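Below is one structure, written out as structure tokens; the observations come after it.
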Amino acid sequence: MNRKLRMGMVGGGRGAFIGAVHRMAANLDGQIELIAGNFSSDPEKSKLSGGDFYLDPSRVYSSYEEMAKREGAKPPGERIDFVSIVASNNLHFPVAKTFLENGIHVVCEKPMTLSLEEAKELKAIVEKSGLVFALTHNYTGYPMVKEARAMVKAGKLGRLLKVVAEYPQGYAVTNLKEQENTKIGSWRADPKKAGVSNCMADIGIHAENLARYISGLHLEEVAADLNTFIPGRVLDDDGSVLLRYEGGVRGVLYASQISTGDENALHVRIYGTEASVEWHQEHPNELIVKFADQPRQVWRRGNSYNGPEAQKNTRIPFGHPEGFIEGFANIYAAVTEAVRDSLKGEFKPGTYDFPSVDDGVEGLAFIEATVKSSAANAAWTKLH
Amino acid sequence: MNRKLRMGMVGGGRGAFIGAVHRMAANLDGQIELIAGNFSSDPEKSKLSGGDFYLDPSRVYSSYEEMAKREGAKPPGERIDFVSIVASNNLHFPVAKTFLENGIHVVCEKPMTLSLEEAKELKAIVEKSGLVFALTHNYTGYPMVKEARAMVKAGKLGRLLKVVAEYPQGYAVTNLKEQENTKIGSWRADPKKAGVSNCMADIGIHAENLARYISGLHLEEVAADLNTFIPGRVLDDDGSVLLRYEGGVRGVLYASQISTGDENALHVRIYGTEASVEWHQEHPNELIVKFADQPRQVWRRGNSYNGPEAQKNTRIPFGHPEGFIEGFANIYAAVTEAVRDSLKGEFKPGTYDFPSVDDGVEGLAFIEATVKSSAANAAWTKLH
Amino acid sequence: MNRKLRMGMVGGGRGAFIGAVHRMAANLDGQIELIAGNFSSDPEKSKLSGGDFYLDPSRVYSSYEEMAKREGAKPPGERIDFVSIVASNNLHFPVAKTFLENGIHVVCEKPMTLSLEEAKELKAIVEKSGLVFALTHNYTGYPMVKEARAMVKAGKLGRLLKVVAEYPQGYAVTNLKEQENTKIGSWRADPKKAGVSNCMADIGIHAENLARYISGLHLEEVAADLNTFIPGRVLDDDGSVLLRYEGGVRGVLYASQISTGDENALHVRIYGTEASVEWHQEHPNELIVKFADQPRQVWRRGNSYNGPEAQKNTRIPFGHPEGFIEGFANIYAAVTEAVRDSLKGEFKPGTYDFPSVDDGVEGLAFIEATVKSSAANAAWTKLH
Amino acid sequence: MNRKLRMGMVGGGRGAFIGAVHRMAANLDGQIELIAGNFSSDPEKSKLSGGDFYLDPSRVYSSYEEMAKREGAKPPGERIDFVSIVASNNLHFPVAKTFLENGIHVVCEKPMTLSLEEAKELKAIVEKSGLVFALTHNYTGYPMVKEARAMVKAGKLGRLLKVVAEYPQGYAVTNLKEQENTKIGSWRADPKKAGVSNCMADIGIHAENLARYISGLHLEEVAADLNTFIPGRVLDDDGSVLLRYEGGVRGVLYASQISTGDENALHVRIYGTEASVEWHQEHPNELIVKFADQPRQVWRRGNSYNGPEAQKNTRIPFGHPEGFIEGFANIYAAVTEAVRDSLKGEFKPGTYDFPSVDDGVEGLAFIEATVKSSAANAAWTKLH
């Protein structure tokens, strides 16, 4: 198929962080072009944003419902091939549902929905639709994360024993003092838009997903202590969670938005009987591998000793750092593969390396279980 | 007083790790000489060890009881000024009690006793004796730990919010496969000699103590999930603990002996509203200080900007790494100060910078609370 | 101007590393679209590559001369706005000259030409043309490099004393053993295509340029010892250079392709009387700043304390690593600004933050001086 | 021999840095006791210092000549077994000569003498004496340095290609502004006491020695550019040197005392055809090993995979950092072995792992060659 894929976007207008990241990630490889969007619930802002991206004004919509209907009605090759949903959490479910029902493939931000119930409903819709649905748990896109996962799968760590996942950020600490007025403060802290959790739903879920992606383990139950340090808030801005995985594997996870001075310090360690792996998001080109009684190993992206999964997700040679956008773009590259397959009638669900609707369901199960456990004074709570 | 202090030792014979460390720490500054000891419960081994250290054979004893009695009976200046207790956990209490009752100052390894009850009894004995009693929570001896504590005390971190303390080691993972036969494996895993906990009592207690030393906070309650991965053992070799400190400060602590490939990775982070501090035992000459919205700072030992507490505990200029033994020796230097004051009749309890019998009581309270909580399926458990 | 800029490319066909990087850098911000090219001197390969990039076949050319002529003849808005030259070193000069003479703005890979003489001739052509000419000394595009430069300019380092620039790579060490047959081995080692130097012209020049960019200092003379370790080669694959800058500033630079196990370890340190700065290309999001008698500072990209130059070149928040492509894309972003200004008749030469034809002249002066010095047994050799 | 060795000291009185380090290093293992000294050329200061160390006043001398004579006249077992010379550079030769001529083993600070001529004379004296002579190039005492050396010796790096040695310090930068009045400023900058070089003789020589120790290579010639930045000084405070080793191995070395903010950043890299090693003095417990096309390795002190040389020089388990004093003490431990052998009549010159009089000769050859080369505008200058 000798053309770029055509992307639409819902949300992500002027000033939005994550929408800009999605666009850069989609641009990077020259395989996707943005041609339509409803960039804001405010029609004027949506229009202005469309201009920023040099779109044909007739493809800039005032509502996502209109966009889904009109794009879905165009013939293939003219209409958008897929939509990226980067609006606030509460919109993920209705927007995804609407586009799927109009026959359009979906890329969706996390958390997938506001509740586990919605998540399960969306799963049913996706499965029925036969369409591509990808969730941007973008940290799984980093090559050295894929290397870690491949090592675990190949049994190099032996039998798994323990998981340690942490995600401290400090940006919210300023809200302890000031009147809260930033956008990121407002909607993420608002239960109507963010759901039952702020911190766990925003970043704890990434730590949980990443640990699951690398370890391949199902999380069975949690005992959580969530905290709200910022006055006037009802949702969590910090929390620690004891973890029990299948097969007796134990762990601990914590996430925080009030860890002063930390930036985006997602960090996962998986311990096995033979070796352990350790990956820091802020130094993503390295994977630390520790075998018992051997020199510590630092696996670096782009080398010939990297496995096929990491190599497939690598663009430039070793020593030339790849970062956040490249990792994100790897999700889009896998989606591109799936959508192109679908356009050729060769879509093979479950065979692509991007987070799926099942990851979305697991994520919501994690969020709801931690919130429930914390409300019950850290009582052990099952995910399912 | 124009002489070195005279030290005796109980435990620490040939092949013992911690006894050798104590001797090197005591030797370092040329202020202390080892002149007597009961180095093993095996009289022959005690004698051979005494020879290794060039001791007068008449000062090498077959039992600690004999040693305490005979040394205590000698006149000051001839007898040992203090004893170092480096025997297995179960002996700490009876040996310390015996020497104190014979009027001899005591340096004691942690955990101070086998139980909280013993710990409280020892506290009473120490207070009644008017003698010096120091516990070798040696990690508090590092200069940059003292710098961190001074920063917290001076209010530079603002109001404290959160504590993260971790202590992963991997050495025990070999026991998952092999027949267990190393000494360190055996007595620490033996409830009779180690008490109610292996991992928490051996290293978790260090993490708890260090967090308390730096933060100055009282730990009120814990919810713990302790694990035993090594087959055939009854005591824990891993565990994670949710922490609630006074004043709403929250935290998480974990310790492990089965974290494959980790060595001695004690790591403490204290977060406040204005700044956070982070210290890694494996890079002890640095303290990472993170103020919100400022460049990250790396405070390094030996610089003129270090505070008086760090400077007092520094021997050599910046850039010349000081390590574990120097940190340990700082405990001995503080003990030397106290014992010399006592010999001059100027002992001022509570004014010296070494861990005290109160730290010992807190440590045992922590151990017992984590064990109790874990047995109750991670129920919140108060320390006192 | 409500459209993307239109880019052409010379070189960079299937399998070429640097051409792919240029395309990704140009794609990233959604401001540039590739619409034409002569991707190889082999017309068939050029055509296939054009297909890979979804180009209109009529805009894929068999020679750069044809491309320059035909594109130059199209009206503005239809023709390419600028060309990126990513062919082998020997082609930089003739291709750049040809496009400039056809009225097309130029982005050119380094080294700018094969000789200092050519470089000076190109400078005259550029100045006469009134067109945009940018050289992709891409490492100057990193935000924290710009931060370092701003610090020096603001006098925060005091009077400069010393420069240390190093650029070790190890990739060529395999050629010590094997028959040499990789492309990168062949043309870079071929004097006809690479010029008088391999290692200094490929990477030494980056280290020199970066030190100059940050320090703002003119390099006056060099004493160089260049080495050829790989059998059968005539050009250098390693070398060390003593540096004398204006104003008594001294320095040392080394570059190497046979530093086994090093990847792309470009590293620059600038020392002044008040402070020093240190930047590693493999950890580009950090700048280490060392003031005498103060805690070491780690300046991190994306924070509010970053200066305007760094902030302008930052796309995503702190803690989300930006890498090589983003730094590269910052050159393209500055070019975009200049070309858009030119299209509006507002081009202000010398006011944009991209490496210029003058940097190209300095680079060739450096290469020729090091080669001459080394041939004269490390005799001091002036650049001009 | 059932006693500690008896040490004397020349220099190192109150306030001296390096004398204190020697005493701590000698104390550490409980194998050596300080019993005599001439701690200062000022008899009163010598006496006070002797009191600080609890010495018998009859063993505290007013001059080194008196000390050598009176100690040398005592019977073995009563007299000092060896002397440590920690006085200023100009005294090393006469003091060492005097003690050797009185039959006393010698440990001597570097640089061994003021000139190459003196160094050669001392070599003759040592060889004639049959006594132990050790030079405290202490950085060779670190276990991971020994590991590196063992790797090179075992051929693991393949054929050596390149050496990079650097030693930046920044402490002297304060002298750029202030009136110079610190002791370390004065005598090291005084040609009468320091010799022909300040920076190269103080720290450049350590970098040269360490590179030689690890690589096993003879340095044949140098081209040096030494600098004096501090006004009013005649000796160098900074310098860079091109290196040519035997067998075509090339290198670069620089040392500096005006590298603002650097502490004691000695750093050596040795590159071979198969692998390279990299060691930083400020992180001494790690050795970075880079094989082509393999994950980077971090060899850490105290592990069972360490070779016998490193293990012999290790006191405490992995993860418990050993530092500068421990490395220094390893020189004393090797001297202890040699002196004990000598006392038993079993001294085997050349078989002990401490720097010898030959290292002293090489060091002076290096200093004189760099100074001569720099004076000749960086002309290549042979060491011998």
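For clarity, chains are labelled A, B, C and D in written order, and residue numbers in each chain start from 1.
Heads up, the rule we're going with is that a residue touches a chain if its C-beta (ideal position, glycine included) is under 8 Å from a C-beta of that chain, and two chains touch if they have at least 3 such contacts.
What you see is a predicted model, and the numbers here were worked out from it, not measured in a lab.
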| item | value |
| --- | --- |
| Chain pair with more C-beta contacts, A-C versus A-D | A-C |
| Relative to subunit D, chain with the most remote C-alpha centre | A |
| Averaged-CA centre spacing for the pair subunit C and subunit A, given as whole angstrom | 35 |
| Gap in Å, rounded to a whole number, between the CA centres of subunit D and subunit A | 55 |
| Shared interface positions of subunit A, touching two or more other chains | 262, 289, 293, 296, 300 |
| Residues of subunit B touching subunit A in the complex | 157, 161-162, 164, 166, 168, 170, 173-174, 176-177, 223, 225, 227, 229, 238, 240, 242, 244, 250-252, 254, 256, 258-262, 269, 271-276, 289-293, 296, 377-378, 380 |
| Subunit D residues touching subunit B - in the complex, by the definition given at the top | 2-4, 17, 20-21, 23-24, 27-30, 34, 51, 53-54, 169, 262-265, 281-285, 300, 302, 315-326 |
| Touching residues (chain side subunit B, partner subunit C) in the complex | 289, 293-300, 303-305 |
